[in-house]
Amino acid sequence: MQTNYQEILNHIYDIVKAGDNLGYVASYIPELATVDPEKFGVTLTTIDEQVYSVGDYQERFSIQSIAKVLSLSLAYKLLGVHLWDRLGVEPSGNPFNSLVQLEYDLGIPRNPFINAGAIVICDVLYTELEHPYEDLLAYIRHVSDCPNLTYNSIIANSEKSVGYRNIAVTNFLKSFGNIENEAEEVLEFYFHLCSIQMSCEELSRTFLFLANHGQKINGEEILNIGQAKRINAIMQTCGFYDEAGDFAYKVGLPGKSGVGGGIAAVLPGAYSIALWSPRLNEKGNSYRGVKFLEFFTTKTGHSIF
Amino acid sequence: MQTNYQEILNHIYDIVKAGDNLGYVASYIPELATVDPEKFGVTLTTIDEQVYSVGDYQERFSIQSIAKVLSLSLAYKLLGVHLWDRLGVEPSGNPFNSLVQLEYDLGIPRNPFINAGAIVICDVLYTELEHPYEDLLAYIRHVSDCPNLTYNSIIANSEKSVGYRNIAVTNFLKSFGNIENEAEEVLEFYFHLCSIQMSCEELSRTFLFLANHGQKINGEEILNIGQAKRINAIMQTCGFYDEAGDFAYKVGLPGKSGVGGGIAAVLPGAYSIALWSPRLNEKGNSYRGVKFLEFFTTKTGHSIF
Amino acid sequence: MQTNYQEILNHIYDIVKAGDNLGYVASYIPELATVDPEKFGVTLTTIDEQVYSVGDYQERFSIQSIAKVLSLSLAYKLLGVHLWDRLGVEPSGNPFNSLVQLEYDLGIPRNPFINAGAIVICDVLYTELEHPYEDLLAYIRHVSDCPNLTYNSIIANSEKSVGYRNIAVTNFLKSFGNIENEAEEVLEFYFHLCSIQMSCEELSRTFLFLANHGQKINGEEILNIGQAKRINAIMQTCGFYDEAGDFAYKVGLPGKSGVGGGIAAVLPGAYSIALWSPRLNEKGNSYRGVKFLEFFTTKTGHSIF
Amino acid sequence: MQTNYQEILNHIYDIVKAGDNLGYVASYIPELATVDPEKFGVTLTTIDEQVYSVGDYQERFSIQSIAKVLSLSLAYKLLGVHLWDRLGVEPSGNPFNSLVQLEYDLGIPRNPFINAGAIVICDVLYTELEHPYEDLLAYIRHVSDCPNLTYNSIIANSEKSVGYRNIAVTNFLKSFGNIENEAEEVLEFYFHLCSIQMSCEELSRTFLFLANHGQKINGEEILNIGQAKRINAIMQTCGFYDEAGDFAYKVGLPGKSGVGGGIAAVLPGAYSIALWSPRLNEKGNSYRGVKFLEFFTTKTGHSIF
């Protein structure tokens, strides 16, 4: 694959940058609302360790739901297939914070990326880890090779102060017996998970193991090959809320988005790509991020399909 | 990719054949119920035209819903992106014949593979084609290179005689204005589409264009590269009813199943594979077919993820 | 009860007539759409056979869904409590023609007044009656003491020609095994039932048996006292689509409305009242009819509550 | 109405007592679970102040949801029709603690008797009352003429300790902006409301104003005549969870049940009746209570229908 990635990145970056920048910046907490909506960065890292970047790729942003992939990978590593007793791997067909399906499915979240599922994952980690906060952070630092990553307590507390829907979800899960720990503690942990900040460069590097059969560039195994494949499959079918099908259709890469305007995606066997542009389309995914990826996979001619 | 496909096929075939054969054979019409539940065949065709088969791969079976991929590809070819004014590309999160989501979404089916969506596709073709029955059949014969394929009127009429749910769906769609032709005529056409019979060998050959960027082996373009990619994406997210996520997770290939026990799947850029084993798991997909594919992609180490 | 009904009727009629006449006339078939929207009539008949009327009370209109009370009373008479094996008596919480609840409840309609329930009742009658059309008509003529009532085939056929939703409902019911006869025949019968026309005077007289413990004025028993009470209870909780609670709250009389702008209601032990005004409020009930009844029960100080 | 109520009460009491006593005692908190399941008491109070009782009518029990009628009446008294900006008066068609409809209706509870609606009423009172706990208790003491009624903090705290579903409901409401105060405070208040204990004798007396056009026996107005009528209408359509229609059909009295096995019902213009028997049928209403009332209204020949 002798693609000239830098050239393509630059080219598409210019096109997307020149186009409109529609949508809104997430504003339910001040920490997200104050971000400059024109920020726009991209980094692509190949599995042979080439790094290509453009724009604001060195500035950290709140990765939010993208962090759910990391908590999932750790829980999966710890519990193996038993993890799926607590939640499913099917797309939900409903918005990410819907309680409807949860009621029909008696408290079993459809997948690990809707809020209910991600909260169950946090409950699993809260039980399994000896020091949940420290151990999760250590894991993320290890995967990302960024020893200075940390939780942003201001963001976490802001989320908490307006997180009525998530409190509802957590207690609803607990009413079905699918939360083992105190609802409040699990939620606090969940909000801290989502508060992590990375740059595109760091995020791209972090996700590389999913493009590389579960291994970090240095060959260290984070997940085994089957587990990595499965997480990619879940990202593919569930990673973009109820835009998952549309994203598969337009972009064709497994990935995960966050309400902070970030997206991480991988082409298994080839590369990991991270993008950041804060304005969100009506489905809650980065407007420019989705557009960039659509152009990018079309231009390179490579996607999983 | 120097994989020894024949050896792997044989090996996995023996394992799966030796294991249990659970589930039920679709029995709502006599024509499906009388099939020998022990039939089991597989054919894999690579894009460089190598063909590998095992078991009952030459016997024709009712491909049922697998035919929806073919009608979709023709409608997409004819209407292009305007097709998506009539239906979506998102997974449904509900059984294939549910009316619930259709009511909430005001008559716009979630995707082309749930019954409602496939019926809308048939309505599109019924409007667009001059001689719907002949033209659709000609198209399928052309894609498959099987000039002797034909509708099975006995199966089609049997389906019709018990197809209350589909009559309900079609009239429900029409009440929302999303069926242009007479409900009865569209449904008749739909049942004929699903009545087509192929062998694994024929089915594998038919689906090869989706593994080959939209082109038949002889280089003839059925769909352009973007369209082929998009149909693969839809198969990936919606091809296995509400087992789509689980199939992605276990198998990792875009594909489509039918109630007759058939499955067709592709690894883009590599091969098309067709399987047939009549017993269905509780999600309505071939029990042995899914199992075979899971072992197969694990063994070969190749999937889209 | 020495209420001067005529005076109150006249008084409220003048007030309501002087007020606005909002809403729309049902227009999905021409026969309903061409009605003069300013028509407005009321008749009240007491159980001691006093009759009070005002306005256009002698002109016949399409009673539509009000007829469902009559078919229900006949089916109940014929099957007794076994009728409730086929449908429930609970309010639906959904629009009258919703398929959602029907799917969750596996084909058992919530009550006899949503379309699904009324169609099941027609299926019951179609099985039980030797000559369904003649026998049902004879029954209605008998209850109403109007030997010249008849089906309006023009209206029935118009309904049929656009009745996609009802075809959907009927076939959906049949897919669950809750329709015994041919869907098309049951539906034809249902549309004829709804096509009956009465004047307010006739309709008021017809419903009198429900105010009179199941007996006609001449003492003849149509239903026993327990059955009459139960039909009133069902009208109370389910008679006004998803405005049932609001109607109970504002008016406080068991009753049934029709899309032709008619309403029939009873105060058990006292009177039956019928109203007609074609414009419908957003819930599908006669705008002026509901308003009149609200003023009327407030003015007389009598309701069931 | 010269009915010999005492004789009828005794007669039916004996019959029901001799029959089976099916169902379960609510056991989610110890305070309810330890009640003797054979307890059974009834009191009927007429609007001319005759009191008839049988069985364990002097023993206090946890009235639970029956108290929602009292909080509703106070909120209605305070806000008048503006109350209905915050919640509806339609039956829900779903279990009392469902979140599904709440999501579809964007946080507006269907009626004041499902948990979501009762919690909104508590929020209203928490805002409107200067000293919520004291003022609500004073109101209930006043209506009931029982100055020694009080909250049972043990029950309230037990409810709180397992009330995950209600925490979910309250925070879900708050996420839609339909809770003004702190979720936790509103819920604490709600659990205290439900913790009140009364005997059948006290409960029957308390509800008498609803049978008496809003006035206590001494002529004092609690609600005006229109408001009393409306609360009766809401009890009629929504008072028995998803057994409301069945209760209307079998019993024909507006009423409200509680998970402690109590029922209060009224025949407007005649009497108020309170019953207690702890075993609940599958819909969550007192098994013997419903049976008793069915026999009772049949025997007396009086109901609202």
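The first chain written gets the first letter, and so on, giving A, B, C and D; residue counts start at 1 in each chain.
As a working rule, a residue touches a chain if its C-beta (ideal position, glycine included) is under 8 Å from a C-beta of that chain, and two chains touch if they have at least 3 such contacts.
What you see is a predicted model; the values in this text were computed from it and never measured.
Asker: Nearest 5 degrees, what's the C-alpha rotation angle taking chain A to chain B?
Answerer: 180
Asker: Where chain B and chain C touch, do the two copies share over half of their residue numbers, giving same, or under half, giving different?
Answerer: Mostly same residues: over half of the interface numbers shared.
Asker: With chain centres defined as C-alpha means, what is the inter-centre distance between chain C and chain D in Å?
Answerer: Centre separation, chain C to chain D: 32 Å.
Asker: Determine the centre-to-centre distance between chain A and chain D, using the mean Cα coordinates as centres, and give it in whole Å.
Answerer: The separation of the two C-alpha centroids amounts to 47 Å.
Asker: Could you list which residues of chain C touch at least two other chains?
Answerer: Where chain C is concerned, no single residue meets two or more other chains.
Asker: Of all possible chain pairs, which ones touch?
Answerer: Per the contact definition above, the touching pairs are A-B, A-D, B-C, C-D.
Asker: Which positions of chain A touch chain B when the two form their complex?
Answerer: Interface residues on the chain A side: 88-94, 101, 110-111, 225-226, 228-230, 232-234, 236-238, 242-246, 248-250, 252, 254, 268, 298, 301, 303-305.
Asker: In their shared complex, at which residues does chain A touch chain D?
Answerer: 98-100, 103-104, 164-165, 167-172, 174-175, 183
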